[in-house]
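Labels A, B and C are assigned to the chains in the order they are written; within every chain, residues are numbered from 1.
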Amino acid sequence: MKVYTKYVWFNTKEKREIVPMTHEAEIALAEAGVNEGFVLVSAMHITSSVFVNDYEHGLWEDIMTWLEKLAPARHDYKHHKTGEDNADAHLKRLLMGHQVILPITKGKLDLGQWEQLFYGEFDGQRNKRVIIKVFGE
Amino acid sequence: MKVYTKYVWFNTKEKREIVPMTHEAEIALAEAGVNEGFVLVSAMHITSSVFVNDYEHGLWEDIMTWLEKLAPARHDYKHHKTGEDNADAHLKRLLMGHQVILPITKGKLDLGQWEQLFYGEFDGQRNKRVIIKVFGE
Amino acid sequence: MKVYTKYVWFNTKEKREIVPMTHEAEIALAEAGVNEGFVLVSAMHITSSVFVNDYEHGLWEDIMTWLEKLAPARHDYKHHKTGEDNADAHLKRLLMGHQVILPITKGKLDLGQWEQLFYGEFDGQRNKRVIIKVFGE
């Protein structure tokens, strides 16, 4: 079994941002040269997400509005007694998930027509890392 | 490492429906003939979910009622400016997750007593696909 | 490909509790002796969660408070017509996810600086099982 590992970095302009990253997974797959297998894409920071959904800006805004409603930024989280101010980002990331497995079939990412990979940033404007690990043969 | 791929299709009668699919994963496992490994089951449409929970109709209704509360169908999503009307289905699928890994031990799905696999449809009444990919030896 | 399987048990004092378990995954990795691969950690009960987030007690309290708001314990769930009383635990577990994949690189769990693994119990005070399965070479 081949295993290929790389790390990609994100430093978003906005504190909260959705960034397309299907291409990053495709590049890793090409570099790995795997025909049948899968790609693990996993956020290495605990206020970030990796998820699969639609490449549509309106929906990205809907997602952010919705996350703010379900897991609002507030002052009174207990986590903030440590000096942190980003408890909501931890909760948003829990809702959205932090990793996906993309199947590889016949040398390509085996995704549905509208499936696209995204990085979800909820406490950005600093360097954050995602691991991409390709497994297969 | 053996890799075996198949696709299963769902076309639900209802727009929103939970459909048991443990048996689909068991069939794929039998076809693959793997003794130790895992099965990736992943929705290929971005308004569908794949998840593990209880085989109990009352709970399925609870899940649907709850999802409607947390991610309600509404007209005013920005995504709907594209002509779509299913933003809530995208959000419901994000809450429920779109893929699971089922471990295989000694030739069988290694699930807890009550663990069952389900397909969750949030924008149905049309053909939608799930990939099942078995990895192992 | 090496595959190594073990099961760990939790019996929490509280009905709802977050229990650190990174060390359990590290032990399984050491026992498996894998250099490149991944660890699947998956709850085998459908009212429990496995997730990655911060080792910070205040945040754990925030998570529990937040889950109670989004998926409250209530009497009127349809699931309770079966005699069960834990529908909220099923919903909380759906929000938090029930499994993670931890990458292994150069013989170690390849986690970000703050990434820690947790078992989330939402209907505890009884024996519950988590499967840890290590794959790799």
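Methods note: a contact is a pair of C-beta atoms (placed from the backbone, for glycine too) under 8 Å apart; a residue touches a chain by one contact, two chains touch by 3 or more.
Predicted model only: the values in this text are computed from it and were never measured.
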| Fewest touch steps from chain A to chain C? | 1
| Same or different: do the copies chain B and chain C touch each other through matching residue numbers, with over half of them shared? | different
| Between chain B and chain C, what's the gap in Å when you average each chain's C-alpha atoms? | 20
| task | Any chance you could list the residues of chain A touching two or more other chains? | result | 1, 70, 95, 97, 101
| task | Name, in rising order, each residue of chain B that touches chain C in their complex. | result | 1, 36-38, 51-54, 56-59, 61-63, 66, 70, 95-97, 100-101, 103, 105, 110-115, 136-137
| Residue ranges of chain C touching chain B (in the complex, touch as defined) | 1, 3, 5, 40, 42-46, 70-71, 77-82, 84, 87, 90-91, 93-95, 97-99, 101, 129, 131, 133, 135
